[in-house]
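Structures for review follow.
Each of the next two complexes has chain A plus one other chain: chain B in the first, chain C in the second.
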Partner chain A sequence: MSAFRKKAFFAGAIILAIGLLSVSTSFAAKTIKIGVLSPLTGLYSIVGKRTSQGINMAVKEINDSGGVLGHKFEALIRDSETNPASSVRTARRLILRDKVFALLGPLHGGAAIAVLQESKKLKTMNFPWAATEEINTKFCSRYTWRVGSSAQQTSRAGAVIAHRLGLKKWATISSDFSYGRSVVRQFWNYLKERDPGAQRPYAAWPKLGENDYSAYINKMQKAKPDAIYVGLFGADLIKFMKQARSFGMYEKVKIFTDFGGNHVVLKALGDQAPFGHWASSRYLHNYPVSAANKRFVDNFRKAYNVYPDMTAGEAYSTVHVIAESIRRAGVVDKEKAIDAMGGVAFNSPEGWIIMRPSDHQGWQSSFWGVISKSKKYPFPVLSNIQVISPVEGSHPDENTGQGCRK
Partner chain B sequence: MELDVSFWLTQFLNGLANAMVLFLIASGLTILLGVLGVLNLAHGSFYMLGAFLIFSSSIIKNPSWFWVGLLLAPLVVAGFGTIIEAFCLRPLYGRERLYTLLLTYGFTLILDDLVLLIWGRDYKSVPIPALFEGRLTIGDFSYPVYFLFIIAVGPLLGVFLWFILNRTNFGKLIRAAATDSEMLDALGVNVNRVFTGVFALGAWLASLGGILAAPMRSVEPGMGVEIIIESFIVVIIGGMGSYLGAFVGAVLIGMLKAFGIEILENFAMIFIYALVLPILILRPRGLFGETTI
Partner chain C sequence: MEGSSSNKFSLRRLTGSVTSRFGVTALLALAVLAPFLVQNDYYIQLCTEILIASLLAISLNFLIGYTGLVSLGHAVYLGVGAYAFALLTKNVYPSMWAGLIAAGASCAILAWFMGVFCVRLAGLYFAMLTLAFSQVVYTVAYYWRDVTGGDDGMLGIPKPEIGIPGAFSISLESFTNFYYFVLFIVAALIFLAWKIANSPFGRVLQAIRENPERVEFIGLPVHRYKLYAFIIAGTLGGFAGGLYSTFQGYISPDLLYWTQSGEIVLMTILGGMYSFLGPAFGAGMLLFIRDTVLNFMEYWRIVVGGILVLLVLFLPGGILGFFEGWASRSSIGGNDGDDARS
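Up next, the complex of A and B:
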């Protein structure tokens, strides 16, 4: 090989390499990456698993139908570890290194607020899983949005049902942290607004992760309420329910659980579920009986052999809402998608969700129902479902919305 | 006023039920500290394993599931403890205490993930055994039978432990090993075997605690880490190495939690630390402890 031919060969190789590189980068530009922070380990890892499944399903649906504006979706799912510092670290890596288009999660309120501030700094839209109301108020920004119901929507809807049933004397119990406090505060304030005669002789605030609620249950019984409102969630809710049951609370009072309609909770409680009592879930696999829900549940079961729970439904809808905002913007651009986000409407499995421009919250109905045994399912489900309009559950405009324009 | 009597009695029993679960875990922890000089952070994981195993046996659709689990699960966990002690902990005895601390901490992490792998991520709930369903009702007073069962089991096991430690050959060896294991070794006793036995006994007790707690609590990874903190407080109060101290400490903590919420509800946890603080300052070896660690 002459020296010239050798040089030409190298030049050719370099050109080829550059060519390949540019092909691969243009290939990469054809995907829209969605970064996800969910608890994949630890206590709430069931949430991480279900949200991942919901997200993967939505991504597959979008890609199977040809993607969005010729772009494929890709989900990068990471462990959020519930710790604010490590959540922020992972969020930064997803945004700066992986160049994600949008960031979903995390679940834990404290970590969610830390991450949404970081996303704001790095100009990337963020959809926290946390339902804390502060996300739509104090900490809201141009980059912060939420598709799933806020704690406020569910709790206020609970107050509507409570008022309808004419229950007067209440005890409440919820974990002593921002989300837990906000659930009960919203319920109680809204009930008081509708029924000034309502009284609450006892409000219990056990710590998050409390194991033994018997002392609180004893105090509740002493207060002799007509009904109790339970803002606990996850394993705490299961512990409380089992202990309340053994103390005979199921027979003595009406029980309202904000989180108790979630499929994974009802399935775990099984025969020990509080049958005949009221519960809510932000998504239900058995309601509404719509084509969108049926398709979602059938596909979910086909893919994972389980029923989708509340967090799976919310995660699934969130990905579709992002896709819709890009379609609406007409161009794959982070800022333009945010401009187009307000007013996005998506026919989700739980019904229509409209992204409200003022507080960046997905407008949707809330569902409360009675926990019942079912012939169709081998686990308890909600029946006699009451649909509460989003107007009842939304943040009043005058208090919110200002922050979100920051 | 009659209502108040039943209220206070209920609160007292609640404290006692809580205390008995703590006692089962703390008693093992304290004996390990006294004899082996090991602070076993993985002790809570044995409690967790007990709870997960009883969950598995609760899937058997037969009223005997609870008794089968109660009998077998602690043996399984004790066997597991034996393996950990013999193969992982033993090589570290001569070294600084930090090593065993790190090793046992490592085991808490490994076991937390292991139960996720084996049992999956779904929330788990263990039903109350049919025999103990319902409540004992006398006039205004009404109390869950299962809590009464827990309250009864605690002192029974206390007596059982006392018997083992004070009236059996194995107990004598344990006490001798606690005092001077080198001398015991020189006398021709296989000290390693005594240590393994103590470790297995501790694992057995902790898993029993997990089994008893499971129908009232949730079964989840991480439950062991939580209980180990409270148990360690019990050990500090009662004194390292003293199982009587563990009993008294557990009852004190249980009562403080139950009555603390009556006095200053949102600060009930403070009472526990407020009790630990003067004990650490004035009597660092604990109420019944003989040596400081």
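Up next, the complex of A and C:
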């Protein structure tokens, strides 16, 4: 009988624990809830924490200055697990149960496209972190917007630099999914447009989360390119760079990395970073040297004791752009904020961002630079920074955004 | 019945407590009333997902609980059923029934093919081969970009309306309508599964689980029975996959990955694999815990893992299995001499 009691006790304890967990918390009446899908676990977790920090900082700034139209902001940050199925599920929960005003994220390109279809159906504005350009073209809708740079802007800017340097023979490597394909497609098509003589004897498409790149690096070396364009993202990029270094690739070719300029990547690579090679970042803590950027970096360091990376900068700007759209609308209303979104301008840490009404993309400059050691910082940074204007880096207006009016 | 006296968990308990006629009626009534009780679109969605997961877990239990075959590749049916539904309704003909039949049929064929190889093995070797097969299918789905969309998956899978053309039609776009549609399909399939499990055929499966040699000596073709169980499990899993596909509107190769298979095994163990409705109970618990814990922290698997450890140590029959055992022990006389044990 005592064994039975023990069993009953444990069963009771489990049920009680579940019951306690499901007690819901109540929220203050006048809040604007922002749902955030951040990759806190999984392949992209390297940037998930900084994303959350960027969000929290923007929310705090807005609330400290009195909120928007008398409403406080509140961020509900949830894990997207770098996985489409859980991203969609969490997005539904944030919209249907938590009734968020806007949905931010996720970062994984495939997940982002799945989530934006869901947010369109449930009539909630969605700002994916993912940079794949299909978000502004094929899958765009009234509810889909993006403040951060698109792959189109960054990769085309990379093609501009590549063309300037006169590099002819290329190999490319990128993950086999929406964003990875998009990065390389934009780079290569734009380079071909500017320099029809450019050749690409080898294009590698490893799977997302690949751990061993040696077969790809071997083939790459056999193709004898002048330069390689690396579209890998997150932990994949770090793994690839370390392996490429052990094969002596740093000395043999010029390397262009689309994501390699991001602070968390350079910090993780440290002394193994590809010094002297080109990389880009959609936001840089050391450029531009503006009051807005200095204030952002100083406050960020004060709050979290780390430097903001690319995703922190983009997340921070996104929250402020949403606040600005509500101010412009003059009323806290989901649909009216969307009506007011086109044309919103925000003096972000990375410079002015203007929300383009046609394709719902934030217009901004792209930055490419050379990975270098720095006296000022204990980690590698980008120097010799080239600013590519949005006109040069983006499609002309009439070619994009056909879907955004739907 | 000397043979079953060594059996720690008798399937006769199916007729006791929670799965008694009263219990089932109450459960069904609860399921029918659920949308009115939760009053929130999100929770209606969660209930829909639980129903689909229940069917999936019960289908796996045909192998684990009934026949004693631990499959680590059951996600393959979820995935193949989902892709079959999506490919048919998106590219060929947008019909709910055709999609579901395609999902079930494709999985029946796949299960037959896989089963021919798998059922000849036992224990760990069986588990490994099912795992290997499912990983092969995963890899195909991942790299066959032109058909499956690769890692990006397939988007915009429709919820075709049901009804008789020309007479009437019901849109399934509303959360409540879709819930009732899923409830109807899942309840019908679970009822079918229950009939099979309690038929003489089902008894043979349990005999195989307890003592395959003895069944062989009686003169029954063990391999063929195992193959049938494999095909039934796969087909039911395929229907669950088809429903999942239209429910989510989006699928990706993750559905086929071995971690997904592990999750289905987890549901089965959590609820109790020696009870007919146990796996369904486990599916509901797993999804409910995930949903609740995710509001507080991202490491929901720790909570599920902790509960699983406690269960294995203290309630090895699973949660529903425990309650059913408890009910049959405390009822006067018990059944089948169950009370004589423990």
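In the analysis below, the second predicted complex is superposed on the first by the 375 of 406 C-alpha atoms of A that agree within 3 Å, B and C clash if a C-alpha of one lies under 4 Å from a C-alpha of the other, contacts with A are read in each partner's own complex, and residues count from 1 in each chain.
We adopt the following convention: contacts are C-beta pairs under 8 Å (C-beta built on N, C-alpha and C of every residue); 3 or more make two chains touch, one makes a residue touch a chain.
Predicted model only: the values in this text are computed from it and were never measured.
In the superposed model, A:96 lies in contact with chain C only, and not with chain B.
With both structures placed on the common chain, the touch criterion links A:199 to neither chain B nor chain C. In the superposed model, A:384 lies in contact with neither chain B nor chain C.
Of the two partner chains, chain C is the only one that A:78 touches; chain B does not reach it. In the superposed pair of complexes, A:242 makes contact with chain B only, with no contact to chain C. Of the two partner chains, neither chain B nor chain C is touched by A:374.
Contacts of A:41 after superposition on the shared chain: both chain B and chain C are touched. Contacts of A:88 after superposition: chain C is touched, whereas chain B is not reached. Touching of chain A by both chain B and chain C, each in its own complex, is seen for residues 41, 176, 207.
Residues of chain C touching chain A in their complex: 40-43, 45, 49, 142-143, 145, 150-153, 155-156, 248-250, 252, 254-255, 288-289, 291-294, 296, 298-299, 307, 310, 314-315, 319, 322-323, 326.
Taken in their complex, chain A has these residues touching chain B: 41-43, 45-46, 48-49, 176, 204-205, 207, 209, 211-212, 214-216, 218-219, 222, 234-236, 238-239, 242-243, 246-248, 264-265, 267-272. Considering their complex, residues 3, 7, 10-11, 14-15, 17-18, 112-113, 116, 121-125, 127-128, 135, 142, 144, 146-147, 213, 215-218, 220-223, 226-227, 257-258, 261-262, 265-266, 269 of chain B touch chain A.
Within the complex, the chain A residues that touch chain C are 4, 6-8, 10-11, 14, 18, 21-22, 40-41, 78-79, 81, 83-85, 88-90, 92-93, 96-97, 109-110, 113-114, 117-118, 175-178, 207-208.
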